[in-house]
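My questions all concern the structure below.
As written, the chains take the letters A, B, C and D, and residue 1 is the first residue of each chain.
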């Protein structure tokens, strides 16, 4: 019961959906859409598990006064406040307070976290782009060429940007293709292992 | 050898069919014209209808001969309008406009809607009639009419034969190699630095008395990269339990969290220490990319894990996580199938699993014959892909290569 | 002075700056209503405070970052729940489940939907929730099995088309584009599609690159001899690509920072 | 002044760090962060602009417009949406200024529905205030948006009036003097498409420039620029790629027509922080390598 039924379910739904791909007829299309819908609807119930996990982890931190427990209060309060504002009596997703918080708290933090990448990309290049070996020199030179494209380089600007564009076009395409072919195969292999039940660690034990 | 020839032939056929498909998909070159007439253009000729193949039974393929005034004659055609109706002599108001195509095009796939309450509903197994007009500047020709025609369901999509062949070949190869492996034939796999590092990393965590952070990426359970990551997570959890270290698994999706909990629990049980598993070690953060990153970054900097493992589906957060990990002094192992993020992982992490290596990792860690078998099958398919590319190129060279600037025309950006 | 006292002093200074900024911003508000001015002054100042708190993480972890982080995560989780509720529950589920609920939420009830089928995912969903009950928690695996099985099935065939077959068939590129000599390459590095030398060179690089890249991904063969050379070339091609993509991305990331700094200097300090 | 302060602060700092790292000290990542943040901030505060020199691919577009005889007919197509606008709108505005300054006839149109409103913003913010003498229908006209993507080009290459019975304001084309000698795209002297998606520059080349043998130029977002490089120099006379390309064009425009100097050149201004930040990052890469080779040599000696 605990292991067999899930494995059977995996096999049935896996096979059905794999075969569905080849069948264009109407019942098959509708079935496909249903399954996609079902996954979304199960997702709703999963949200309950999400809230539960958050409250559980946060609450146990607060209860045990473990390190940084104060911030769990901030997280929980802001979560429930946001849920409350987002519900119907306050105007839902278009409610004034909901929008205000979203635009003036959420968006600025989001943009700032994203912009941390400007610093990180600099420190990563400083640390990693060193000519330690042939391979890392290639990495370094390619990156440097593309960065030099931005600077006003006078007569050198044209060849540098030509070569840079060429690198973005040609070797890039080759590498992407080679990776994509491998990824395609790996993805299929993983899916097959799951459907056939070769890989079953995700179903737990006992 | 037999197998190889057989495989080669199947691949050849499938690639040819691809090439033919690509040919038929390309449109005619733009026509040239020069005059402005005010009288209606001549109608298109020879209207033929048939059921649209490979569809769900709500489509009709419409074909016609170009109007004599399209690109020639009076050169007055701008486009063609396609109308459909349930009766050949219905009043104009009951003719539904199915579509418009520009000049020079002489076919239209009329894919109607499948819901009867939709405005564009195209009923199945019902007589349908079509009219095609050549449209000029403010005028249109008399109609070319045809019908009846009926739309039918199809039970097999013939355009997908290549995938079917590949699936079958892959399945056969996998079963074959799994059987070989089960019989005890040793299948060689080359060492992968990133995977060997996982073992060391867990040992290091034990020595340091620090946890291991395992991040499944920002994919949902619907991404195959996330699923591949689960298979690795199970094995990492098992080792973590054996070494008696702890692990932290922050998740971006409640379902991913649930599956991860089951996986980690099973890993602990496999190691014989089910009671060491703590439910709170696998937890849900939030379902959005940057808030998730903010929280994980905070965790990394506060817990200072000995090792951070990032495997799964990643976008812009790849560098945000990896650089924070460097700040915290962790050993970092990453892997993703997202080509756009590999550069950042390669630069910032100690070990990176590139693309397919992510999918191969569970087989490496588990070393079970079943898993190694699929790995071998993957290699064979890659060999077939290589042979295909070679063969098709040879074909092109020997049969007089047609010059298309394929690399510059493909939308692969 | 202990670090705790230092922190207290710092917090006080930050609070003071925040207050001054709030007052100044409220005073310089454009709106006629005092309330709007005070509110907008607060919001701009708060956004600045959060922006700087996040930046402070670059120095090291600190209470301001922890606060911003927790707030952000909490708001995000709440936002996501609301969004999920309105889009999935109200938008997707209610119209097919119940007429009275549809009327309550003012969404059109779908007459034609198959109302029985909607209960299958509900059952799966409820089964998923058994996780919260220790005794029958294992039941939830049925739902997980459904999701994983469906995902695996979906990906089993669809991955082949986009990532495998189309990539293989796209690799059939002409290796001898109508050859007209080396003129263009020598005079001027041109990437024109009809500048033959570069076109041919490019196609060869793509061809060799794909081949060697694939060789690199062979797992069950030792990378020795000719095979080893090919796999070395493969990794070189990958590295050129990675380096180029990295260098190319820098500009986009700097733009993000420019945006934030413009916000600080322009919208807050008004010195631009 | 700002440039001197920034150069002293940043340059001096970098030299000091180089000295430290040669002596064997490792640079803390926070120093790197500080430098990146400070350079970008200084560049923004002092509005640093660098002497962008037009690369041939940009210069050829500029020269084309510069050297066409007055009264030449030029099409400018807005093929982008608000998301792309920060990157490509400066190009479009620079083109408008340059074309009208040289007294050419300018035909606006758009293959993107979203281009229409961006187009009217340009008309109201740039064209009307800066060229009050330009007459609608004589010096410029707005054909607006037409659905049909490259199909539109297919038609207008043979005849404008078929696709555009009237302009965006409802005037018939025959009532506009500038259309007197215009039958189709082939009567145009230059086609310019500004955009980064599809349909965009590539479609203009394949469906208009190439079949009609009309000079075509383009401006595109940085992401799609490498894809367009192959068409240069034969099918495209020139191309402005991303903010960098736009800045080069603006620099060239200011050089030749100084009266635009105070009009605010957004791409040039954007390039200031970009250039500074890139210099700093490249400098750090160099410092890192110097330190690395030095430590390796030391390692060998001992």
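Here, a contact is a pair of C-beta atoms (placed from the backbone, for glycine too) under 8 Å apart; a residue touches a chain by one contact, two chains touch by 3 or more.
Predicted model, so just to flag it, every value in this text is computed and none were measured.
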### Task
Determine, using the mean of C-alpha atoms as each chain's centre, which chain is farthest from chain A.
D
### Query
Once you count every C-beta pair in contact for both, which comes out on top, C-D or A-B?
A-B
### Query
If you average the CA atoms of chain C and of chain D, how many Å lie between those two points?
27
### Query
chain A to chain B: how many Å between their CA centres?
16
### Task
Quick one: report the Å distance separating chain B from chain D, using the average Cα coordinate of each chain.
34
### Task
Could you grab the centroid distance between chain A and chain C? Build each centroid from C-alpha atoms only and quote it in angstrom.
6
### Task
Could you list the positions in chain C whose residues touch two or more of the other chains?
54-55, 57-58, 66, 68-69, 72-73, 75-77, 79, 128, 131, 141, 144, 147-148, 151-152, 154-157, 159-160, 164-165, 168, 170-171, 190-191, 193-194, 202, 206-207, 210, 214, 217, 238-239, 241-243, 245-246, 249-251, 254, 257
#### Entry: Interface hub residues of chain D, defined as touching at least two other chains
29, 33, 36-37, 40, 227, 229-230, 244, 274, 277-278, 281
### Touching two or more other chains - residue numbers and ranges from chain A
18, 21-22, 39, 42-43, 46-50, 54, 68, 109-110, 113-114, 116-119, 121, 123, 125, 127, 129, 139-140, 143-144, 147, 149-150, 158, 162, 165-166, 168-170, 173, 175-176, 179-183, 185, 187-188, 190-192, 194, 202-204, 206
#### Entry: Footprint of chain A on chain C - complex, ascending
43-44, 46-48, 50-51, 54-55, 57-58, 66-79, 81-86, 88-89, 92-93, 117-118, 120-122, 124-126, 128-129, 131-132, 138, 141-160, 162-165, 167-168, 170-171, 189-191, 198, 202, 205-210, 212-214, 216-217, 234-251, 253-254, 256-257, 259-260, 263
### Query
Hey, which residues of chain B end up touching chain D in the complex?
29-36, 75, 78-79, 102-104, 136-138, 326-327, 405, 408, 413
### Query
Where on chain D is chain A touching in the complex?
27, 29, 32-33, 35-37, 40, 50-53, 55-57, 225-227, 229-230, 241, 244, 271, 274-275, 277-282, 284-285, 287-289, 292-293
### Task
Would you mind writing out the residues of chain B in touch with chain C in their complex?
14-15, 18-19, 22, 115-117, 160, 162-163, 166-167, 187-190, 192, 221-224, 227, 255, 258-259, 262, 285-288, 290-292, 294-295, 297-298, 301-302, 340, 342-344, 346-347, 354-357, 360, 375-376, 378-379, 382, 385-386, 388-389, 392-393, 396-397, 401-408, 410, 412
### Message
For a test of understanding, state which residues of chain C touch chain D in their complex under the given definition.
### Response
55, 58-59, 190-195, 250-252, 254-255, 257-258, 261-262, 265, 271-272
